[in-house]
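Note that chain A is present in both complexes that follow, paired respectively with chain B and with chain C.
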Partner chain A sequence: MLKMVFPTIMLLPTTWFSKNNLIWINLTTHSLIISLIPILFFHQTNNNLISYSTYLSSDPLTTPLLMLTAWLLPLMIMASQYHLHNESPLRKKLYLSMMISLQISLIMTFMATELILFYILFETTLIPTLIIITRWGNQAERLNASTYFLFYTLTGSLPLLIMLLFVHNNLGSLNIPLLTLTAQKLTTTWSHNLTWLACMMAFMVKMPLYGLHLWLPKAHVEAPIAGSMVLAAVLLKLGGYGMMRLTSILNPLTEYMAYPFLMLSLWGMIMTSSTCLRQTDLKSLIAYSSVSHMALVIMASLIQTPWSFTGAIVLMIAHGLTSSMLFCLANSNYERTHSRIMLLSRGLQTLLPLMAFWWFAANLTNLALPPTINLIGELLVMMTSFSWSHVTIMLTGLNMLITALYSLYMLVTTQRGTLTSHIINMKPSFTRENMLMFMHMSPIILLSLNPSIIMGFTT
Partner chain B sequence: VAHTGRTVGRLGEGDWDGKVSEIKKKIKSILPGTSCDLLPDTSHLPPEHSDVVIVGGGVLGLSVAYWLKKLESRRGGIRVLVVERDHTYSQASTGLSVGGICQQFSLPENIQLSLFSASFLRNINEYLAVTNAPPLDLQFNPSGYLLLASEKDAAAMESNVKVQKQEGAKVCLMSPDQLRNKFPWINTEGVALASYGMENEGWFDPWCLLQGLRQKVESMGVFFCQGEVTRFVSSSQRMLTTDDEMVILKRIHEVHVKMDHSLEYQPVECAIVINAAGAWSAQIAALAGIGKGPPGTLQGTKLPVEPRKRDVYVWHCPQGPGLETPLVADTSGAYFRREGLGSNYLGGRSPTEEEEPDPTNLEVDHDFFQEKVWPHLALRVPAFETLKVQTAWAGYYDYNTFDQNGVVGPHPLVVNMYFATGFSGHGLQQAPGVGRAVAEMILQGSFQTIDLSSFLFNRFYLGEKTQENTTM
Partner chain C sequence: MNPLAQLVIYSTMIMGTLITSLSSHWFLAWAGLEMNMLAFTSILIKKANPRSTEAATKYFLMQSTASMILMMAITLNNLFPGQWIMMNNPNQLMSLIMMMALAMKLGMTPFHFWLPEVTQGTPLIPGLLLLTWQKLAPIMIMYQIYPSINTNILMTLSTLSIMAGSWGGLNQTQLRKILAYSSITHMGWMMMTLVYNPNITVFYLLVYIIMTSTAFMTLNLSSNTTTLMLSRAWNKLTWLMPLMSITLLSMGGLPPLTGFLPKWITIQELTKNNNFIMPSVMVIMTLLNLYFYLRLIYTTSMTLLPTSNNTKMKWQFENTKPMPLMPPLIILTTLLLPMSPTILTMF
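So, the complex of A and B:
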C-alpha cells in the first residue's frame, strides 16, 4: 500500500521543486505512473482483503474506486492547465498542492481498514476541496457555496463520529473484516433507530440524498474545473463506499429503517432529472444529473442484495467517469465563450467536429446506452429495486426516460442547429482537451468489454 | 536615554487596545445573526459575471434587454447587465425626444419597424405589465403625421406612399384643395402633394415608455448598474477566410465598468456586448478597436455615428390650429405639432450641413428659431405670425453620417459586439422592433420577424447606402 501512498506524498516536493516550465509535465507523468499501481490490486483470488499492512488494504469494493481516484488526478491536472496559465507560479503550485493533498487523503480513505482512520480521512478531504472552491472559484457566490458544502457535510458526519466511538467501545475494534464477525444485532428500539440514523446521515448528505442535496449544485457550479471533477467523480462515491462498509454492522434494522430513504431516493431521482430539463446553466444541469444518478446508488446500497451492491459499485465507477467528462466538456465551452449558458453556444458541431464526437459519446454514456457500464449499473439497480417492490419499476423506468431526454436536450442544444454568429472565432480544440476526453472515454469503453473487474464482491 | 512612565517594549508597541477591539469585532461578525462585513461591501458594483452586457440604458438598450428576457425559452436563462452612465438621463436622446411615431418612410424595413412599434405601444399594458404596478399611460395622441411635398418631391412621395400602403400602413395622399378643406389653417403655397397618416401615427410620452420598460425589465431580473464602460479586454485570433485572406477576429471577454466619481472599476466577464450608447456609440466602438486600421479596409471602417444637436422650441399661439392638428412636416424641413390642450405647440427644424450647431453642449440657439424656423412656420400657418416662445430644449440625435439609418446586428470582426444604435432621430419609434430583432439575432441566430439585414455594419465597408428618400 505504501507503494501508492508514498509516491503520492512525494508529488508534493515534485510540485515545489520543479522548474516553472516543467511543473505540468512532471506532475502529469508521475501521477499517470502512480495510477498504474492499483492495477496490481485487481487480481484477487478470493474475497478477502489484500492485506499489505494493518492499516491500509484493498478489497474488491475498494479497488475500483481506488483506480478511479488514481486515474482522475492526471486528468484533473490536465484540465486545469488553461485557467491557471495566467497565475503566478506560487499560486499554481499551491493549487496543485491542494489537489495532491486531496488525492493523498482520498487514497488513504479508500484503503483504510479501520473505521476511525476512515472517518478522519473522510473529514480531511473536505479541507483541500474547500480551499479549491473558495480561492479559485469563478464568482462571488462561491463563498456561499463553500459554506453550504462544508457545513452540510460536517453536520452530517458529527453523529457518525459519536456512533463509531460507541461501537468501538462495545465491540473493542473497528477493523472492517472483524466487524462482520462481531457485530451485535440491532433491533427496532428507539436508541437503535438513532444509532442507524447517526451512522447513515453522513453518507446520505455526501451522496447526496434528495432532501439534503442543496449543497451540490452550488458547489459544483462555483468550483473550478478540477474541483468539479473531483467532487463529481470521487467525493460523492465516498458516501456510497461508507454506506456499503457500515451496513455490515447495522443489520437487520436496515430493512426497517431504509424505507423512508428509499422513498426519498426514488422521488428525488425523478425530481432532479426533471429539474435538469429546465436548466439553462450547463454546469448546473450536470450537477443535478449527478444527484439523480447517485439516488440510484443510495437505493442499491440500502436494498443490500449481492446484485444491488454490484450495481452500486459499477454505477459509481461509470458515473464518476461520465460526470467528470461532462464537466470537462462544459469547461472547454466556458473557456471559449466565457459563459455557462447553453443558449449562447449553439451549433458547435459545425465548428468543432471532434469535440462534437466527445459530446456525443459522453451524452450517450450519461443516458446509459447499452453496452456501457452505465447501463449495467443502472440495470442491476433497477432489477434489485423491482425485486424489492414491483411498483418501483415505474419510477426507475420514468427516470431512465427523463435522463435520456435531458442528455439529448443538452446534446442538441449545444451541438446541433445553426452556429451563433458571436462564436465563430472560437479557438479550435487543443490536443490536451482531446487527450482529456479520450482518457475519460477509453476506460468506459474498455470496462464495457470486461466489467467483471469492477463488479465488486462476486462469489 | 530615560524612558517615560509608559512601558515601552514588544507588548507595548502599537495600539494594543485597538488590535484587541478589532479582533473582537471580527469574531462578532462571524457569529450567526449578524451581517458579515469582513469582506468589503461591493453592492454598488456590478456582478463579476454577466452573459450579456448592454452599454447604454436608454430606450434602445432597455428594449434589447426586455426582448432578450422575453425570448429566452427558460426563465433565468440569460444574465443581462445594463450599464448606464447617467441615471438622471439628462443628456440621453430618449428623454429629450419629441416622441413622434410614423410609418411614412421609404424603406420597407423602417415601415415594418414602426408598424410593430405602434402595435407594441397600443398593447403596452400587456407587454410591460408588472404585478401590483399601475398600468402605463403613454398619452398616445393618434393625430397622425402630415408630410408636405413641393413639386420636385411629389413623385418621390407618391412612390413612397405606394410602398407604405403595400406594407400595411394607412396613409393617404392629399391634394392642396383637400388640404385646405381638411385643415383650414394651412396655407398651401408651394405644396404640390401631401401624405397624411390616418392610423398608428402620432406622438406619445417617451419618459413613460422608458420608465415602463425600466420597471418591467427590473422585474424580469436584469441587473442595472450606474457606471461608465472604460475598457474592453479582448482576445484575438487570426483566421483565414474562404478567399485565403488573413483576418484578425476579436472577441471581447471582459468589460471594465468604472464607478462614478471614483477610480474604482469592476471587470465584468461577459459573452456578448451590445452597443446601445446612442450619441456616444462611436466612442464605445473605438474602445473595442473598431476602426483601428488603414482606412478603406474592413478593419479601418469606423462606426459613423456622431452626436448632432437639435433644438426643440415650445410656443403659445391662441389662434393656432385646433386639436386635430397632425405633426406637420413642411417642405422647408420645419415641423411642428400640438403640445397639450392649451394652444401650445412645439417644433423645430433640421439645420443644413453648414448650419450644424456645435454638439459639445446642449444650449439652445434662440436666434436659429427667429431666423430660420419662424419664417417658414409663419408662411405655412398664418396664425403662427403671432406666436410667443415659452421654452426650448436641445437633445442629441445619434446621427449616422453614412446614410441616416440605424446600425443593427453583429460586427464582422469583433464577433461578439452587437449594435443597436445610429437611428438619427427615429430611434425612439423603432426601439421595440429593433430590440426584438437584436434579441432574435442573439438567441436564434438570424432575424426572424423583421429582416434588418440591410442595416448590418457591413454596408459601411461595402459602401451600400440604405438611405431614405423622404423629406423627414
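So, the complex of A and C:
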C-alpha cells in the first residue's frame, strides 16, 4: 500500500517544487515509475487477496483496475501538455495537482477494504473532477455539465451511505472479505427491495445505466482531455467495481430485482449505439459509445456468474484503454481545428497517415475485433447473458453490429475520403501524440496475448 | 461604537449565554436568554440605518415572544415536579411548549421566517454572531430537557427546516440570506438526533460554527455581501477564493471535508434506530443546499465573470483588515475528517 500511495502523494510536492521547464518530464517519469508497482500486485496465489494493511488490500478484482488507474496518470499528463502550454506555471501546477489528488483518491478507492472508506473516497473523486471540468473546460456549457455530474452522482450515492451504515449496524463490520461470509439473505419484502435499490443506484448512475446517463455526454464532452480520459477510463469503472463488491451481500434478491436494470441495459445498449450513428460531435459519439459498453458491464454484474464477472472485468479494462485512446485521438483533432465536429476534419489520412493508423487501431478495438481483450470481454458477457436468457442474444448481437457500424462510421468520416478544402494549416503529429497512442494500444495488444491476468477470479 | 459601550454590550451577551448554560434553575436560564437577547439587539444596530433598525425590531419581537412562551412553560412546569431545578423530565405538554419556544429562538421551521431578513439587515459580523453565538444558549436548554421532547414533533420540525432552508435558499443572490437559509437547514440536521444522542447535536453545532465562521470571515475580508461582489473578489484576494469554495463544499457535506463528518454521524445514529426514510429525505433535500453553494463556487473560483476592474495591482497590496483565527478555522473546516475515530470515541 505504502509503496503506491505515498509516492502518489509525493507527486504533489514534486509538481510544486519542480523547475518550470521540468514539470512535465518529472511528473511523467515519476508516474510511469509508480505505474510499475501494481504489476507486483498481480502475484496472487489461489486468488487470495494481498492485504497491505487493515484498510487497504488488493485482490484479483482490484488489481487490474489499479493497474489501469496507475497506467493512466502518465498518459493524462502527456495528453495535457499541449492545451496547457500557454498557461502560467501556477495554473499548470494547479491542474496537475488536481489530477494527482484524483489519482490518490482513485488508488485508495480501489484498494479500500472497508466499504465506508470506499464510499468516502468514491465521493472524494468528485471534487477534483468537478474542478477539472469547471475550471479548465472550454465551453460555457461546462457549468451545466459539472452540475449534472455532481448531482446525479450524489443523488445516487447518498442512499448508499445510509444503507452501508445500516448494513454496518446489522452485520457488525463492513470489511469486504468478511461480508462475503456474514451476509444475510435478502427476501422480497418492500424494505429489502428498497435496500437493494439504495445500494445499487449509486453505481447505476456511475456506470451509467441508460435512463440515468444524461450526465455522461455532458461531462465527457465539456471536460478537458485529461478529465475526459479519467472519466471514461476509470471513474465509470468505479461503478462496476462497486456493483461487483456489493452484490455479495445482496443475494438472493438480485435475481428478482435485477430484471428492470437488465432490461434497461439491453435496451440502452441499442439506443445509445444507435444515437452514435447520428452524432455530429466527435466527443459526444465516444461518450455515447461508453454508455453502450458500460451497459454490457452492468448486465454482467447483475447476472452474477463466474464467467460474467470475468467478462465484466476484462471489458472494463479493455473499454478503459480504448475509450481513453479515442478521446486522445479526438483531442488531437480538436487541438488542430478547435472544433469537435466530425465533418470539419474529414479525410485526415491524407495529411496525417500515422495518426490514421492509430485511428484505425482504436476503432478496431472499439468494435471488439478478435483477438483483442475487447472481444473477450464482450464475448464472455454475451455468452453469460445468453445462458441467463436465450432472447438476449438478439439484442447483444444487434448491439455488436451497431457498434461496428458507428466505429467504422467514425473511422471513415475522419480518415477516409477527400480532404476538406478549408484545412490549410495543420500541424503534423507530435511524437508525444504518437507515443500516447502507442501507450494506449500496447497494453491492449499485450493483454490480448495473455488475458488471464485481468480475468479476475478464475479458478 | 463607543468602546465602553461595546465592552458592556458584548460582555452582557457573553454573560447571558454563560448564565444559561451553567444554570440549573429555570429562572436563571431564562434570565440568561433575556440578557443575551437585549444585548444582541443593540449589536444588530451597529450600523445605524433604517434596515438594521427593522432587523433589530424583528429580532426583538420574535425573541421576546419566544421568551415569554418559554416563561409560561417554565411557570406551568413548576406545578408538576414542584421545584424550579432543571430536571431533565418536565411534563410532556410543557416540554412541547418549551421546544416550540426554543425553536422560535433558533429559527427552525415553522418559525424561520425572521432569520433571513434579520441576517440580511445587519452587517456581516453581527450576522455571524446571530447565526453562531445565538444558537448556543437555546441548544444548551434543549440538551438539558432532551429525554422528554416529543420525538415525532421534533423530527417533523427538523425535516421541515431542512426543506424550508433548502428551497428557500435557491432564489437568493444576497450572501447573508444564503447563509441564513443554510443555517436553517443545518439546524434541522442538528435537531434530528437530539432525542437519540444529544452529544451529536452539540458536535454538529461545533462543526457548523466553525464552518459558518470561516465563511463569514472570508466574506468580511473583502466586505462581500452579494454574489456579484463575490464574483469580483478574485481580483482582490486571489488566494482566498479557492478557500471560500472549499468552505462552501464543506458546508454542503462533501467528503473528504469536515462537513461530511456531522452528517455521517447523524445518519449513523438515525440508522441505528432503524430510521431510514428520514435520512433519505434529509440528504436529498440537502442536495438543494449544495446546489446553491455550487452556484457560488462557480462565480468565485471556477469561472471568470466579466468585471469592471481588471487591474493587477489590487491583489498586490497588503491586506490591512484583521482576520482573526482564519488559518486555524480553514484547517478545521477542511481537514478534520481523518480525526473522526478520535471524535467518535467521545460519544
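Here, the second predicted complex is superposed on the first by the 458 of 459 C-alpha atoms of A that agree within 3 Å, B and C clash if a C-alpha of one lies under 4 Å from a C-alpha of the other, contacts with A are read in each partner's own complex, and residues count from 1 in each chain.
Methods note: a residue touches a chain if its C-beta (ideal position, glycine included) is under 8 Å from a C-beta of that chain, and two chains touch if they have at least 3 such contacts.
Model, not experiment: these values are computed from the prediction.
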Three-chain arrangement built on chain A, chain B and chain C clash or fit: clash
Contacts of A:131 with chain B and chain C, given as first, second, both or neither: second
Partner chain in contact with A:434 - chain B first, chain C second, else both or neither: neither
Touching partner for A:123 - first (chain B), second (chain C), both, neither: second
Touched partner set for A:274, first chain B, second chain C, both or neither: neither
Partner chain in contact with A:81 - chain B first, chain C second, else both or neither: neither
Chain B versus chain C as contact partner of A:139, first or second or both or neither: first
Intersection of chain A interface sets (partners chain B, chain C): 143
Residues on chain A engaged by chain C in the complex (per definition of touch): 105, 119-121, 123-124, 126-127, 131, 134-135, 143, 147, 150-151, 154-155, 158-159, 161-162, 165-166, 168-169, 191, 194, 198
List of chain B residues in touch with chain A within their complex: 39, 42, 47-49, 51, 72-74, 76-79, 237, 239, 249-251, 253-254, 269-272, 410, 415-416, 418, 441-443, 445-446
Interfacial residue positions of chain A with respect to chain B in the complex: 138-140, 143, 278-280, 337-339, 341, 343-344, 346-347, 417-425, 427
Complex contact set, residues of chain C against chain A: 249, 254-256, 260, 264, 267-268, 271-272, 276, 279-280, 283-284, 287, 290-291, 294, 298, 301-303, 337
